[in-house]
Amino acid sequence: MTESKDTMSKIRAPELQTTGWLNTTETITLTSLRGKVVLLHAFQMLCPGCVQQGIPQTQKIFNEFDPDRVAVIGLHTVFEHHAVMTREALEVFAYEYRLRFPIGIDKPNEQMAIPHTMMAYQMQGTPTTILIDKTGHLRLHQFGHVSDFLLGVSIGTLLAETDEEQATTISSILSPDATETPLADACDTEGCHS
Amino acid sequence: MTESKDTMSKIRAPELQTTGWLNTTETITLTSLRGKVVLLHAFQMLCPGCVQQGIPQTQKIFNEFDPDRVAVIGLHTVFEHHAVMTREALEVFAYEYRLRFPIGIDKPNEQMAIPHTMMAYQMQGTPTTILIDKTGHLRLHQFGHVSDFLLGVSIGTLLAETDEEQATTISSILSPDATETPLADACDTEGCHS
Amino acid sequence: MTESKDTMSKIRAPELQTTGWLNTTETITLTSLRGKVVLLHAFQMLCPGCVQQGIPQTQKIFNEFDPDRVAVIGLHTVFEHHAVMTREALEVFAYEYRLRFPIGIDKPNEQMAIPHTMMAYQMQGTPTTILIDKTGHLRLHQFGHVSDFLLGVSIGTLLAETDEEQATTISSILSPDATETPLADACDTEGCHS
Amino acid sequence: MTESKDTMSKIRAPELQTTGWLNTTETITLTSLRGKVVLLHAFQMLCPGCVQQGIPQTQKIFNEFDPDRVAVIGLHTVFEHHAVMTREALEVFAYEYRLRFPIGIDKPNEQMAIPHTMMAYQMQGTPTTILIDKTGHLRLHQFGHVSDFLLGVSIGTLLAETDEEQATTISSILSPDATETPLADACDTEGCHS
């Protein structure tokens, strides 16, 4: 597991490929967010684990952090039931759940069910929580539930980094006995596999 | 508030004054923990806010972190009902609640109800959550409930620090609108004022 | 309030008006359920209070009771955003949330947003929880959240009734100080007013 | 299981044997409560399952019901660590947790650790939840956690009974698949076996 983390810490986060945005007038790119820690929350509006845990957690983080230091972004990665999870439906969902963070719509793929950004990140399903550091590298990539505590530790660690140093991988801080491993590919019972 | 934080970031954490320990064979001093981030959780065994929130949170952090990086310590700061919150009662409590982290017994003060360490830290009551950085300085001091998320951010920030730099205060990361302010002296409804 | 309850205990529950059903091959009518206690849960698939509280509670009750004694029925009462809360979307929702209880689709009204059954019951919004006794009379009609405890007491009371006696209104059992009044028209913060 | 329930429905609840009471000026006997449904909550002040679940649930029921219809009583059944779970400690506990319902102290047994009432009811440990009907018969006897919903159903059922009829056992209402069986002797992970 240590190896995969070390490798991950050198992977540049693929750019977002979107066909539209909610809660922002501009198209957001990862490049434009360089210098900030980025929380990317990939979800589907009809995924129970997203609605009950991932999205409320994302909204809370959006409320609590200085947007100049932590950029919080939702990504609607529809990989099933495309006919009913439309942009129009997503807008109603975002309105009813009072979501305020920017939400990108992952670009559909003509050839297959999984959209482009989801494919580029090799996400297993929804919800998926991703952290990108100030230099644009992937640092956390987890399918399913991430605890508030571990997400806090991870964001705190990335915030404290200067551009030069990235020696510390997040998980090296945690006990080997920790039941939740933020960098691992674990599957939550609430999560939707793709 | 920024001022008080800046001041706080320069305060050296007072040494613990204890009359005994549970879950460890040795007396623990802050001096011996230099180089680690220290979470100090001050509680009373019959304080509802401690039992329902602070102590489970402390146990969880103890389980999840590498003890060589984060030292988790409980402190039984009895300032009321001394006759029933004895060492013997505390031992039963720690046994029944399956607490594993070291717990110091704050040294009683002959002259007054509040014990010595609690007085030195000017704690308002229990639970009180304290974070001490690798150089032995006080960095978070909060009476009442601290959310998992904010405690995680705070620990992550302190872990990422090298000895030379302490420029970033934890709260400077957070939005001014954040409802919970980890460095402020806020009072939780569950907390016991001294 | 006592008066309104006495009145309510004599109101015959209006018959359901539906255009289709999920999780059952037959159209369900209240008439066919005479002799059972009926829990009718009116919801919309994009209503946060329904998704987070009302629907999980309804599913739990469906799992726990003998269906020959307590009939649990959902009713999709779409009164807003009709274009995206279609039957097709509802089917995806029911599938993803693993709902097993029968769900009727309230008959749309050509003249107005509120569908027919919702109008006949004068519901204020969603979620609305309704209990109908063995003789087909309305006994509980509440907009917003109903606690597990009070819903349990209410169902237990109705189950114990024989056909002849209905003297006891559910709320007469509760303390006047009880914060939640199951027969009252109270508005939960999570609820959607129509 | 049906047999044991039928048997149970004919068992007269043993009288309480106590050495003192909190939150009431009088000694309470079951005989004096005839005509009311009685909720008896047996606990120990240092039992985690009691403190975290059973006692808050008992306090809530005490707040919500008309005391002329439902009598809510705590019973401190100390069967371990007698030296620290004294009357004085219990008084501090009840004060700090703001308990308002009457609490009897189970009469210690000179010969063994288990006190007299606990022995008479053959309780397995704490918490134990007991329901006694209007005629003084045992109707529910469960070790460990009881859900709000099932406790509500049970109380509602007993409230609706007249003195003559006791034909319906509580569990006959529930689905055979119900995961929690209120009349069964099940063991909660939080519970303390005696």
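By written order: A, B, C and D. Residues from 1 in each chain.
Criterion: a contact is a pair of C-beta atoms (placed from the backbone, for glycine too) under 8 Å apart; a residue touches a chain by one contact, two chains touch by 3 or more.
It should be emphasised that the depicted structure is a prediction, and the values quoted were computed from it without experimental measurement.
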Relative to chain A, chain with the most remote C-alpha centre: D
Recurring contact interface, reference C-D, options A-C, A-B or B-D [over half identical by residue number]: A-B
Separation of mean Cα positions, chain C and chain B [Å, integer]: 48
Inter-centroid spacing, chain D versus chain B (mean Cα positions, whole Å): 37
Multi-partner residues of chain A (each touching 2 or more other chains): none
Topology of the chain contact graph, where touching chains are joined (line, ring, star, complete, other): ring
Chain pairs in mutual contact under the definition given at the outset: A-B, A-C, B-D, C-D
Chain B to chain D touching residues, read off their complex: 46-48, 51-52, 81, 83-86, 88-89, 92-93, 96-97, 192
Interface residues, chain B side, partner chain A - complex: 60-61, 63-67, 69-70, 147-161, 168, 170, 172-180
